[in-house]
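For reference, chains read A, B, C, D, E and F in written order, and residue numbers begin at 1 within each chain.
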């Protein structure tokens, strides 16, 4: 009942409504267009803001608080793509490149889902809307999932020299990728400038955040809408995979997060990260390493199925689960 | 005297000054450039904001309050292009495609004039700066004027089958056009999220609105400035048409608005919408349906003559007239 | 000690940190990308904001207060390029086109350094963070340095007719250039609308200013980073020239500013303007007038050496010097 | 390496025509196309897209000689009279010619 | 369908030259042009537009053989020595050849 | 005015290939290149860049006949099988042919 309330609250939040507006606009073939440079700039802004806000709060966090969640995140970045790969190869009957390619998507992070998860928390009443300041660093660590998946694929295929050099390039690109640099760079700057330095730039990086995210989600909805049309093409297996796996990953992420000592809110965000499927960094990396893999499959499932699923019902579910499990553990 | 004060106040508002700066920059061939993607994104933002703000206020409005103004707006969307067409064919001596093309422009809505009208009201002191929340829906209805004009033209020409299919496409495009989707989508989202949901995105969609509009008007000024140079080409008839017709439409729109029960401010905005000439949707639709019509004429008159006229002297006039007529009616 | 504190404070300001983030991102070849249209729009915004804010404050300034600083600025716009030219021809052993080209850069204004200087002041505690409202007009005057340098070059080369017509075009372009139009246009609009008119657009042109500047500086850092790589190519003479000349110009600018009656803060900003080297208007003008001059030299030195130098250590130095000299003069 | 010659048809048109032209070339038998945003000036005055930055679209399509002729005829009949549009053909060499015919 | 052959002159140049080149080709007799934004690299090092994203402009103009020669000569005399610019000519076929000459 | 004929190789490819293709053509002996952003459709379905606006890159390079052959072979061997990419060659005339060989 309470859960239903939370799901309803999420469904009727400006974020999800904007996302749905975007989907609808695409389905009725309306010509609402948010130009690509704007979208690129907004994603830089969102990631940098999240880093900054985290950094400002970070003061006082000890390394030991961070250590366990970081290890858990690394474990997830190894385990999730691996087990996705196995499922896709086994029951999924995909060949190696496709299995590794899809695993790379589900093993890494969708910035939109991540940002929406943070915004989900910030929407809560005061006192219930805080989470660990180092969360952006966890999101950066989770990007490693891409590398793990590609590595598995390469290894199973017996890669040639030239393909390995391509993999080397992908590893470098992932480590210096946009999200990683902006999240960690923002975090560091936030730590250095502190509350006081942040105050003067807060109108942009704090007050506007949610409004900009709503704007961004109109475009994300249009993107997802375009993929939705290809829904049928991915086949029943991927339709189920794209809906069920994120739910499982979300549950696992939340659980491990709580066990690693994260607050319920922090564990919720870790769950959202784990559940999310990348749709920017992973496609580029997979295309470069496994050109044989079919982009229709991994793009349609991550953008057309998993992204809407996570935004619309995933987030409130992970949140409720985090609260429930935390209460249950507290009672133990 | 009071009217002159209002005109002066409008002339010296940041909006009109930014517009004039844009015109001047173009005339001295300065290279101030606001890139196209920015302008596109800003117009999405402006329309969506207006929809949102309207939606948030809409709670409590009954359908019966909306009905009469909506009917009046539909009547205007039919009458204005029709009578423009007749004038352009008669005294104007234009051929059918040109007459219908120009009528499509004056029969529909310029988003800039609409947004500037709303901003005109919001600038007023508290207590005098409210208007009916459903106004964005009226603007969306008025877009139908394009279809009416094109329909008249097609009918008078005895259209071929293929041309009719083109008209079908234009009708669909108008109904699912950017302005309509953003205004109505924003309105709906605003209704759903209410005051409370809006509070967190207000820094973007409320506080920044006027500043962004000023920025936008610099570019609009440059656009109008470029058309102003072609002023001479449109000939004396269109120069008079582009100046006088909006004034008449403004007066008519305000009057009918008041009779339909709108507040003076609401009637003023309906007047501004009626007076305005489209310069985005109409040109595209006319070009697609009547390629024979000369774009120099309809673009120069709507952008180079009517837009500046409305922004600079039209708005304060319609406002004063709305106040005067409302007082006069009140006295009846 | 106090100076070191100020330098440290500047180094750890969000502005400089964002700039450094941009440099680092480039050096590790990260793909953070802020698209060009965004950067163009932001620079329009920054210049227009500065003009506006100046204009709003301008009320009450008498022409006589402005006269002496304006004359000093004009003197600097003549003297700085001239003496740069002589040094570059003499000890620098550059040919005429290269000497004039480089002089044009150091004789005019870098908007980033100018804006960062203003932001440096606004960061100070209340009561110490004001400066003369007409400062944007001084920056616009200083743009003339480009013309002076090109004029010297043309004169020394014995220009042909066609080359003179090119120079004519450059003069016109400089006078109607983006920075000049936006600074002066903003100033004028600010004067007209006053505090009251500004209040409603302040959320955009006031509150957001610093945050947007931080965003902008990420890109400027990437730009400087790309030039840094070419550092070695410019040779030892330009490396010294690019570091030392700005310092001298900063000292001279501050000193003359104080003598002309500017406040220490105002003199500091005049110093920053004088010290800065243009990297947008000057390159275009030089390329058009002296195609023989080598762009690697003037771009690398102004963007790769002088810009970071000014932002990182120049600004706090000029500020400290302004305070020190003002105190010393006060004691006389 | 075997190269075969195919026709490259280039169309430069005002943006309002984009969708219709793509439909047209497809109907004439083209298997693909490439579009870029350009702007320009010709003998016709202002056109409806011009205030949006003077933009035109350039459509390029590699086709067989027959298809090229069909496209040129369609252009001449339906577009040249009323729209700001030009079209031209050149010969280019490709590797797997059958991909384009 | 009658096709005539005209010359397509393509110029790729740093953006600072844009207005001058348009003026130049017009003076040589071109009736129109199409511009696109490109970027690239050649034998010359950095040029003044390069930091703005390495941008160049590509100007294409359909002209008669005479005009093409005049443009190439103007390029060789006024621009090749000091600027980052290249130019090349190819033959293309158009329908209404008189539009371009 | 002496004009020499060189080859213009045009490659249209999904953006993920950009850096590798530039490297490839350089290795084959090209002295320069020009890139533009385009989008398009061909016989292959969606590719990874497509959701980013359907973007492709178009790479043009003026080269000698030998280099053109080497580039086409490299394309056929390494890229045609798995990527959305096409390539074609045409002849163009330039003034200082030695700049491109």
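Here is the rule we use: contacts are C-beta pairs under 8 Å (C-beta built on N, C-alpha and C of every residue); 3 or more make two chains touch, one makes a residue touch a chain.
Model, not experiment: these values are computed from the prediction.
Q: Suppose you hop from chain C to any chain it touches, then on again the same way; how many hops at least until you reach chain D?
A: Minimal hop count between chain C and chain D: 2.
Q: If each step moves to a chain the current one touches, what is the fewest number of steps from chain A to chain F?
A: The fewest touching-chain steps linking chain A to chain F number 1.
Q: CA centre of chain D versus CA centre of chain F: separation in Å?
A: Whole-Å distance between the two chain centres: 20.
Q: From the C-alpha centre of chain C to that of chain F, how far is it in Å?
A: 41
Q: Calculate how many whole Å lie between the centre of chain B and the centre of chain F, each centre taken as the average of the chain's C-alpha atoms.
A: Centre-to-centre distance between chain B and chain F: 47 Å.
Q: Two or more other chains touching the same residue: where does that happen in chain D?
A: 36, 90
Q: Going through chain B residue by residue, note those that touch at least 2 other chains and give them in order.
A: 35-38, 203, 208 - these are the residues of chain B that touch more than one other chain.
Q: Chain pairs in touch?
A: A-B, A-C, A-F, B-C, B-D, C-E, D-E, D-F, E-F
Q: Mind listing the chain A positions that touch chain F in their complex?
A: Chain A reaches chain F through residues 36, 223, 226-227, 230, 279, 283-284, 286-288, 291-292, 295-296, 299-300, 303.
Q: Under the definition above, what is the set of chain F residues touching chain A in their complex?
A: 14, 16, 45-53, 82-83
Q: Which residues of chain C touch chain B in the complex?
A: The touching residues are 35-38, 40-41, 44-45, 48, 173, 176-178, 180-182, 185, 188-189, 192-193, 197-198, 200-205, 208.
Q: With touch defined as at the start, can you tell me which chain E residues reach chain D in the complex?
A: Of all residues in chain E, those touching chain D are 1, 3, 6, 8, 31-36, 62, 90-96, 99.
Q: Which bits of chain E are touching chain F when the two form their complex?
A: Counting only chain E, the residues touching chain F are 10, 12, 36-43, 56, 58, 69, 72-73, 75-76, 80, 86-90.
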